[in-house]
Structure formats: C-alpha cells, structure tokens
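Chain IDs A, B, C and D follow the sequence of writing; residue 1 opens each chain.
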Amino acid sequence: MSKFTDGLKKVKWKNYINYAAIGIVTIVFGILSIGGGLPSSTLYLLEKIAISIILAVSLSLVVGFLGELSLGHAGFMCVGAYLGGKVAAMLAKTALGGVGEGILVLIIALVVGGACAGVCGFIVGLPALRLKGDYLAIVTLAFGEIVKVIFQNSSAESFGGPIGLTTPRFDKKYLFIIGLLMVLATLAVLQNFIKSKHGRAITAIRDNEIAARAMGINVTKYKLIGFIIAAVFAGFAGVIFSYSQNNISSATFDYNYSIEILVMVVLGGMGNINGSIISATLITFLNVQLQNVLKGDLAVLKDLLYALILIVIVIYNNAPKLKNFRDKYNIGNILQKLIKRKHDPARTRDDAARWDVVPTKISMDEVLSTDIIVDDTGDNSADVGERRGTK
Amino acid sequence: MKKVLSLILAVVLCFGIVCAFASCGTTNYAENNTKIKIGISGPLTGGAAIYGIAVRNAAQLAVKEINEIEKDGNGPLGLQFEIDMYDDKHDPTNVPTGYANLFEGGMQVSLGTVTTKPGLEYKVLSKDDNVFFLTPSATGDGIPEFSNGYQMCFADSNQGGASADYFNANYQGKKIGVFYKADDEYSKGIFDQFKAKLNASFGTIVEAPFTGDATVFDSQVNLLKDCDVIFMPIYYTPASQFMSQGATTVKANAIYYGCDGLDGIDSIEGFDITTIPQEVSYLSHFNSNATEGPAKVFIDKYNAAYDEVKEPLNQFGAAAYDCVWAIYEAMKVAKANGKEIPANIAPSALCEILTEVFNSESFVFHGITGKTEGDNKSDISWESTGYVNKEAIKYVVKEANA
Amino acid sequence: MDFLITLVNGLSLGGIYAMIALGYTMVYGIAKMLNFAHGDIIMVGGYTILLFIPVNPVLAIVAAIVFCVIVGVTIERFAYKPLRGASPLAVLITAIGVSTLLQSLAQVIFGSAPKIQQINLGALQLGQLKIEISTIITLVCSVIVMVALHLFVKYTKVGRAMVAVSEDKGAAQLMGINVNFIIMITFAIGSALAALAGLFYFLKVQTMTTTFGALPGIKAFTAAVIGGIGSIPGAMVGGLLLGVVESICLSIPAISAYTDAIEFSILIIILLVKPTGLLGKKRREKV
Amino acid sequence: MAKLIDSIKSFVKEKILKNAHVRENIKSDYVLETRNLGITFGGLKAAQNVNIKIKKNQIYGLIGPNGAGKTTIFNLLTGVYQPTAGTFYLNGEDLTGYSQEKINHKGIARTFQNIRLFNNMTVVRNVMVGLHNNPEFKCSEATSILRLPRHYKVEKAMRQRAKDLLKIFDLEDERNNLACNLPYGKQRKLEIARALATNPKLLLLDEPAAGMNPNETEDLVKTIKYIRDNFDMTILLIEHDMKFVSGLCDEITVLNFGTVLAEGDTKTALSDPEVIKAYIGG
C-alpha cells in the first residue's frame, strides 16, 4: 500500500494534466451525448475541435520540435481523408460494415488513411534532407497543392473527381468520442516520443544540426521519423474528418487550411503541446461561433482579428528590441515574484527545467541560413570523386 | 504571460460550452414557433455570394407577399412565414454546423442549399431529421436522392441532355467547342451529359477546360478561336471573363451557348455585354431580363424592393421565389385535403404532408420560371424522384453584331 | 502558328510572374525574409487601378504605384522592422499574418463579390497571327522593367549598396551604408513592381476579388524559388519559364487540368536536383 | 529482365560509382593516420598533402596562423567536408568518405571553434544527447512511445552517466540551467563533456582555450590531461596560445597556407625557422 502511494507521489501530475482534461471532457460529453442530451451543433463542434487538436499537435512536432516549416499539413490530411474515406465507403456496404456498429470499418479506415498519409510524409520528408527553411516550406506547400489537384481530377468512380468522394457518416453521437480518444492517442504517442531520448535528438537537430551530426545523431532518420509521425496523425485527422462529412472535396484541404493549422501552432507557442491544444480548441470554437454572429461580409472581421492577433503576438514574442520589456513585464515572472518562489537551479529537481517547452524564438538563424553544405569545388560529387581517383 | 492567457482562454471556452448547453432540451425545436420557419443554407460571402443573396432576397419577397395574404389569420392557412438563412460560404464543411443551427433554431421546412456541393451534405442531414426541402438552384443529379428532397431547377443531366438535343437539331455541321470548369460539379456534370448525348456527326469537339480560381483564359481563347458554337456550362463570372478576354480573338459570328448559369450575364456591374461581338444565348427556365409576362412582373417587384446593381436578380432568385410559393401552394392543397398545419408543426410531420402533395400527380404549381405564355404562369410539377417537370427556353441575351 | 500564340501568351504571363518574383527575390536577398504578403500588394494595386481607371488610366497607374509603395513601406516599418534579427520563421509567420490582414481589410472595404471592369485594347493582326495588344504591352513593359532593374542594381549607387547589403549586412553598415534605408528602398521597389504586375494582370483578368493576388503571388513565389531565390536574373528566368510552361500545359486539354500539379512538380524536381534553384548561389556555413 | 538489371548495374557501376573511393584498411600503430589528405575549394587549395600520425594517448597540437587550414583539417576528419585527395585511418580503419554521423560512431568526436551547444536544452540534456548512440543506452522508438520499463531504466542510467561526466568538468551544479545561460568558459567545457559522452577514441578540440582567462586556461590544461589519463584518450587540438600548446602537447604539426610547415616534437617544431617566419612574418 505504502509502495503504491509512494509511487503515486512520484508521478509528475503536471505532465498528465492534458490527458486528464481531455479525458474528463470525453467522459462528460460522452455520457451526455449517449443519454441524448446534446444538440447536434455541440456534437459537430466537438468533432471539429478534436480534428483541429490532432492536426495542431501533430504539426507542432514538425514546426515546434523539428524546426522545419511545413505548409502542407492539410495535404496529409487530404490523403488520409480520401483513402480512409474510400476504404470506409467500400467496406461499409460489405459484411464488415455491420461489425460493432461500423467500428471495425472505422479502425481499418484509420489504419489505411494513417498509413497512406505516413507514406506521403516519408516522400515529403526526403527533400527535407536536402532542403531547409524557406525552400522546404515551398516544397511542402507544393505537395499539398499537387495532392489537391490529383484528387480533384480523379475519375468519378475512383475518388469522385470534382464532385468529391461520398463517405459514410458515423453516428454523430459517437464520432466525437472517437475523435477525442484519437486526441488522447495522439498526445500519448507524441508526448512519449518527445520526452524520450529520441525527442531529445530531434530537439538537438533543431537547435544545432551540425553539432547534432557531430554527436552522431542520425539526422536523416530523425527528420524522416518526425515527418512521418506528423503525417500519420494528420491522416488520422483526415479519416475522422471524412467520417464527419457525407461528401468530402479536395478543395477543402487547400493552402489556407494548412495556414490555419500553422496559426494554431504558433499562437499556442511553438513547441508547446498544451498551448497548441488550447489554441486549436479556441480557434475552432470561435470560428464556428463567430460565423453565426457575424453575418455577410462582416464575417471577415474574424480573419482580420486573427491576423492582427497573430502579428502582435509574434512581434511581441520575437522582437529583439522588446526583449527587455518582455523580461521586465513578463506576467509569469511577476507572478513568480508575488508568490516568492525563488528560482534556484541548484536546488531544483532534475526535471525542473522544461526542455520540451521552448520560447517561440527558436534560434533558427543557423538552420535557415545554411541551405546545404555543398562543395564549392563543383556541382556534383562525381567531380570530387574524379580528383580523388587521380591521386 | 502564457499561463494567464491560457487560463483566460480556458474560462472563455467553458463559458461557451455552457452557452451551447443552454440550447439543448426538447426534440421538436419548432415547438415555440409562431410562424412557419423556412431555412436556407447558401453563400452570402465569397465568390458565390451573388447567388445566395438573390435567393435570400427573392425568398423574402415571396414571404412578404404570402404574409400579406395571410395577414391577421385571414388567409387560407392562417399562418405567417419567416426566412432563416445560414451563410455556408459555398463550403460543404460549414454545412453540418449550419444545418444544426437552422434545425435547432426551429426550421420546419427548407429551401435546401443554393449550390450543389453543400447540398450533397445537406441532403443527408435533412434526411436524418426528415426535413422537407425544395432547392431553388442546387442542380446536382444526386440532390433529390432521398424522399424529402425536391428541385425547382433542372438537374445537371437534364440540362446537358436538353442542350445536346438543341445542338443536334440546330447546329449541324458547325464546329463545336466547350469551355467548362473541370473541377466544378455543376460544369463537369452538364458537360459529361452533353458530350454523351451529342450526335456523332459533329466529329470531335474542342474541349477547353479550366480549373480552380483561374482567371486568365488566354490558352482557352486560343483553343476555341475557330469554333462556330461555344458551349459554356458555367456560371457567368468566368463566362464574362472569357468573353471579354476573347472578344477580339474568337470568331465574330460565333455563338456562345450556355445553361442556366449564364443567366444574369448582362447585368454584371462593369461588364458591358454590347462590347462582345458574338451572340450570347442560354437555355434556362428563367430570363432575368424578360420584358413581358409574369417574369417581368416579378422582376419589377424585385427591383423595387432591392438595389438592382448591388444585389442583382438572377434565375437563382426567381427559382427561390417559386420555391416559397410552391411550398405555400402545397400547404394549401394539404389543408384542403383536411390536414392540420399548426404554426409549431414538427418538421417531420410537415415533411410527410408536403411529400404527399408533391408526389401526387394532380399537383401542378404555376410559377414564373419555365416557359410562360402571355400573362399565364408556367406549369410546374414534380416526379416522385424529386426532379422538376417544366419547359426550358433558349434565351438570346444578345444578338451577334452584324 | 498556335504554338507561337501559346508561346507569346506564356511569355507575357511569365513577364507578370517575373515582375512579382523580382519583388520576392529582392526582399529575400536583402532583408533575408520571405515576404508572403507580396501577392496581396498586387491586390492593393489592382483595387487602386479599379478605383481610378474611370477617372484617368494614367492617373490610375501612378496612383497604384504610389499607393502600393506606401503600403509596402508601411508594412515593412511596422510588421517586419521590429523583427529584424529575430528568427526567419517568426518573420515568415508575421508575413502570413499581414497577407491575411490585407485580404480581410480589402473584403471589409470592397466586399467579397467580384468586381469586373472591361478593358479592351483590341488585337494586332500580324499576318495570320492575331495577338492581343495588352499581351504585347505586358511583354514589352516587363522586359523594359527587368532591364531597367538590372541596370539600376548594377550601375547606381543605391543599387550597389543593395548588393552590398545582400552580401553582408554588418560589413555594409560598417562601410557607412544605411541598411534600414536600403531595406526600405527594396520594399518600395518591390511594391512598385507589384503595382505594375497588378496592372498587367488586371489587363488580363479584368476582374477584381480580394484574392486577386493570391494565385499570381504563389506562382511567382514558385518562380522565384525555381530561379534561385535571392537572384535577380533567377527570378526573371523562373518567371518566364513558369509562364511558358503554364501556357503550354493549358493549351493541351488532356493535361490542362493538371497544370498546377505539373508546375509544382517541376519546382520540386528542380529543387531536388539543384537545392538552391537554377541560378541561386550556394552558401557555405562556417563550421 | 535479367539483361536489363545487368545493364542497370553496369550503368551504375560505370557512370555513378566510377571513381568512388574504395576503402582499404591498413595495419597501423597510430590512432590517427592521414595520408596526403587534401581538399580544394574551386581553385583554392585549402589543405594539401597533410600527413599526420598520432600515437595512442598522445596530446597532439595542430597550429598555424589564421587561414592556415587547421579547422579545414578538422572538418575533413569529421566528415563535414569530403576530402578531394588522400585518405585517413583511425586505428588502421579507413574512414575516408564517411558521413559525419558514421565517423562519430567510429570514434572521432569534436568540439567547435564557435561554440555549438544545444542552446534551448539544459546542460545535463546536452550531455545526454552525446550519450545517444551508446549501445548501453539502446532503446527503440517503440519502447519509448509505449513507455516500457526499459525506457525508464535507460533514461535513469543516461542521466546518471551524464551527471558523472559533468562532475569531472565541475558543471554538476549547473546541470539544470539552459546551456545558453552558461558563462563562456563553462560552455567550452560543456562542449568537451558532450563530445566525450559519445565515447570516442580520438577527441578533436578546436581552440578549447579561446576566450578563457589564464586561470581558466590552467584549469583546462589539467582537465585535458585528466581526460587523457582516465579515459585512455588520444587528443588532437588546435590552439593559438603558444604557452598552452608547449605546456600540453607532446607533438605538433604546423600548417601554413594548407601545407605542412613543420612537424614533430613540440619544442623542435616551434623553433623551426620556417615556423618563426610564418608567425612573425619575416
């Protein structure tokens, strides 16, 4: 017994607070929904929130931790939605469709959608090994657009072409529960991954790629893993999205959608998973609510507001000239002073400094300013080899 | 900073969720209605807004007229009507939320969606709750798939087929070109049917598709410059761009031939159709520049009520006007048959009543869309599949310059 | 013959892309940032032209240039300047924010409905060739602008200062060059080019929407990267290449629906073969 | 089909791999041996015909005026640049042409002239990154994601090892500070600790004493000797400080303009007239 309570005391509850919060939301709303006490609008909202959180958290792995800018996250989602949706549509009519109220088909669709998106993540990750920063950003953007065009021009029998793919809708009473469970799974995988030696390696690559290489970190492997994991979860989000709609069309997954996900990640604080969760929830919630309040062209005031908040927050967090101001008037610091908890690194426990949470400013200068280490000697390595051959 | 911010956000969020809860409760959301609520989902912002706005305005016009007849409970039904519109921005992902808002707001009967893509989402959701809808302008073939859905406009396949018939009869021996939007269900749907029904004697037709938000049509103009007849199953904005970009390059005696999407092309602000040397015509159920008949009466009423430059009328609006009246007439028939229609009738109950009327062969609605003769209104009836039966007319918007 | 027309159309479209790409590339070369909002400056130019063209076409052009320069410099001053020295990712995200801001502002002011303004300058008959006059004007003007820009950078004091700043900001400052001023000038030139591009694009499109600049903006960005971002001749080559490819793809109905995919695939392939674009300079990190 | 595969194979062999370096191990008594190592950038010969031989447990110095090509040699030995001529061997194993990661796995670790720490990570975690590839701490991604007991065991052991290493450099108290908040001298020491964590056979130190005050330098000399003795380490270092070099190094190589000016015993090499000329600029 005492061993058990000791064990409980050792658990760092702070690390699990997000699981707890989402778990409680899932249980409370799940009970209400099954009891029939929730209006459809709330159910749809919860579905959307779950999808946004999965997207934002998975993108934050690439942007926040790996330090690469990806503008094609909606493209991965598109692949997941279309392929998972297609599998679901095909299987729903077969005998499998009846097993467990369609849960089995949903699981198969998730696996297929996630796997296909993962393969795309691998393909997009390959250029990431040669390209950096701005160049990689445009490649991911291009990938998203290519995926969109391909699905748009598919034949009516395969993926529905311009009219979109007809997908089975899951019972709305349960879909959001599945969505929130997927959020928990996403959190479990990503947090466990990031808070391990592998996550440390990824953060090291972001902080200083050359030093990471010199430490023997396999940069190729970890960059690919980062891209693949993010893509797989975007694919999951896509499958859930396809289950939340009767008809999906690739125009939904455009570049603006990727930007919206990026905004969620940035506003939540890059590399801050809990921040991403909160900002994804809030932005989705506001999107839906403001759409009802702001009619006509005034609806755009919402975008105007987001843009302004985005600019102000980024400038506030990053402007070199505001550094002193930030340090002086940081509410966190002020609160700390009020509570009088003096920060003494020597006395704090090992995990006191949260290495997985970094300020928005990532010292990306070096990472971004080097395109690639190339030999000035010639454009190709054959040239190099030739000289060596003549030794 | 971040912690406090997130705390505030969390509080706001909880507050919002509680608010969302407040609306939950009864299953018949229309219980407290004092008027019959007609729901519409359509674009009020974005590129397609012009259609949504026309639908809203025309529907409101019809409701106003009906309410005038039904004033003080003296009308045949003793009911008042009102319109509730949700801005879906022509984006199907907005539809679930939009539909839920309408439904939970007490919608009893609906005009469905203005455009097809959101309509594909809408038809399933409304089927689940059994809400009757009669869409003015969602032309997709699959829209009236379920028993609760009806169309006032021609379905895409009908338009494509009718156009092909017209070509077979009138344009033999001419070189045919098609300008269409490859990633648009309306355009592609009509084009596919058109191609299938067109006589083989025309030989190969010149296809000039475009996609996405393309606005530069140099290449398409170049492809189609030698054609005698150019079929344009698209909406009028890209059509007008094509015409003005190709004004000098396309054959001066060529004929532009479109479908109902071209209606309104002559009333676009900034686009002067007289500068186009070619003939512009389309096959439609309504001519928004009609100079006589019931259409003219409606157009005058519309233009008196709304700003004709900023919110121009088009066939979408005319169809919406007819939709509201058709629903009203159907309710009158039902009442005459002894059905009770209280103001707070549940949507599914109303749906039962209306489908029965619409499916009966004797129900013929007289409207302003379709072929009218003199001052007589057109005859419009529905098949039990939900497709509309009425006659289409070819309208020549502008003759070719001599 | 058809191919010739396709080529001319492609070149004129490419000229527009090149002009926009020049803006991207100059700002990248000198301020080391991707100005994602550049495409929306085109939109600002387009609306200005739309507003003033009923008054006087020449006035419209001048007004568009002036207004775009003001907007461009203002954005630089208030959104980008505070972030000088911060991480490029932060600047990029701010630029995305500015882009959304401009678009939504335009929608608040002008509404979301497309605005059409017909401009028909007629066509030129050269034997069997029939070419729109606006196409020729675009082609000629874009060539003139590119040559002028090249000469400006090469032979004027400010131009050389720009080269110096792009090579080494710190050293340039030590040499007495006012770096802030040079960056401001770069934004001004980029915005003026965007205004011109807006004019020519408007001649082609004749319709204004709030997303008027988004498509040419992304295409031009692609062009700049293909040519090697930061390189002025690269932007020209990339722009023209992309314009011609687009025109050729569109002229073949079988693949025209895939035009965007083809263009982006070309981008990816070029980047994989030459990670710095066609004419981009390689930079070596000192270890 | 088989014919096609053959033709592809021969194509790859002839066109792509035509001049690839064929690795050949040698028998060597030296920890590091370079043979005619060289690299050219365009027309610039940054290093050529460099022959260095380092015996086990030696502290070997690489000196020369600015731009002599010292750091270039380091970059060649760690795979940042690929040599255009020559080969190098670690304990007789040919490492020429390997990637940076692979060379590190084989046993060469380095520090950088301009410090490259993982600034947003704590001190202890910087060292733990160095321990990443240690076979003792092997733990697959799946193990970590599923939080199997192995994950906790490995994390704990890694932390303990990192702390032990930090103790040597007197950085234990700083372990939970962010690396970027350390004073300059301590950052240099942390870099050495991190390099040491990768368990190398040969340690390359690029100007370890740069920017340190005399006390710190003296301290560093002691530490380097301690590392050599207790970790059974061979060390190659670049340094400008002559006093530091002569007090520490057993042998040196003097470079100028990419070529070797003098080599051998520290005292003799430093008194070579060519060297004096190069430094004083006669």
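Simple rule for what comes next: a contact is a pair of C-beta atoms (placed from the backbone, for glycine too) under 8 Å apart; a residue touches a chain by one contact, two chains touch by 3 or more.
Computed from a predicted model, the values in this text were never measured in an experiment.
A.B. asks: Give the chains in contact with both chain A and chain B, ordered by label.
C.D. replies: Expected: C.
A.B. asks: Hey, which pair has more contacts between C-betas, A-C or B-C?
C.D. replies: A-C
A.B. asks: What chain is most central when centres are computed from CA atoms?
C.D. replies: A
A.B. asks: Approximately how many whole Å separate the CA-defined centres of chain A and chain C?
C.D. replies: 31
A.B. asks: Just give me the whole-number Å value for how far the CA centre of chain B lies from that of chain C.
C.D. replies: 38
A.B. asks: State, to the nearest whole Å, the distance from the C-alpha centre of chain A to the C-alpha centre of chain D.
C.D. replies: Between these chains, centre-to-centre, one finds 37 Å.
A.B. asks: Which integer distance in Å separates the CA centroid of chain B from that of chain D?
C.D. replies: That gives a centre separation of 72 Å.
A.B. asks: Among the residues of chain D, pick out those that touch two or more other chains and give their numbers.
C.D. replies: 80, 112
A.B. asks: Could you list which residues of chain C touch at least two other chains?
C.D. replies: Residue numbers touching two or more other chains: 107, 112, 257, 260, 287.
A.B. asks: Please set out, as single numbers or ranges, the residues of chain B touching at least two other chains.
C.D. replies: In chain B, residues 45, 182-183, 211 touch at least two other chains, as defined above.
A.B. asks: Which positions of chain C touch chain B when the two form their complex?
C.D. replies: Chain C reaches chain B through residues 2, 5-6, 9, 13, 107, 112-118, 120, 122-123, 130, 132, 135, 201, 204-207, 209, 211, 214-215, 247, 250-251, 253, 256-257, 259-260.
A.B. asks: What residues of chain A sit close enough to touch chain B in their complex?
C.D. replies: 37-45, 48, 149, 152-153, 161-164, 166, 169, 244-249, 251-252, 269, 272, 274-275, 278-279, 281-282, 285, 288-289, 291-292, 295-297, 299-300, 330-332, 335
A.B. asks: Using the touch definition up top, name the residues of chain A that touch chain D in the complex.
C.D. replies: Answer in residue numbers: 188-189, 192-193, 196-201, 203-204, 207-208, 210-219, 225, 345-346, 348, 350, 352-353, 355, 358-359, 362-363, 373, 375-377, 381-382, 384-389, 391.
A.B. asks: Once bound in the complex, which stretches of chain B touch chain C?
C.D. replies: 45-47, 49-50, 182-183, 206-216, 218-220, 222-223, 225, 237, 240-241, 244-245, 247-249, 268-272, 275
A.B. asks: Mind pulling up the chain C residues that touch chain A in the complex?
C.D. replies: 28, 32, 34, 79, 82-90, 92-94, 96-101, 103-105, 107-108, 111-112, 218, 221-222, 225, 229, 257-258, 260-261, 264-265, 267-268, 271-272, 274-276, 280, 282-285, 287
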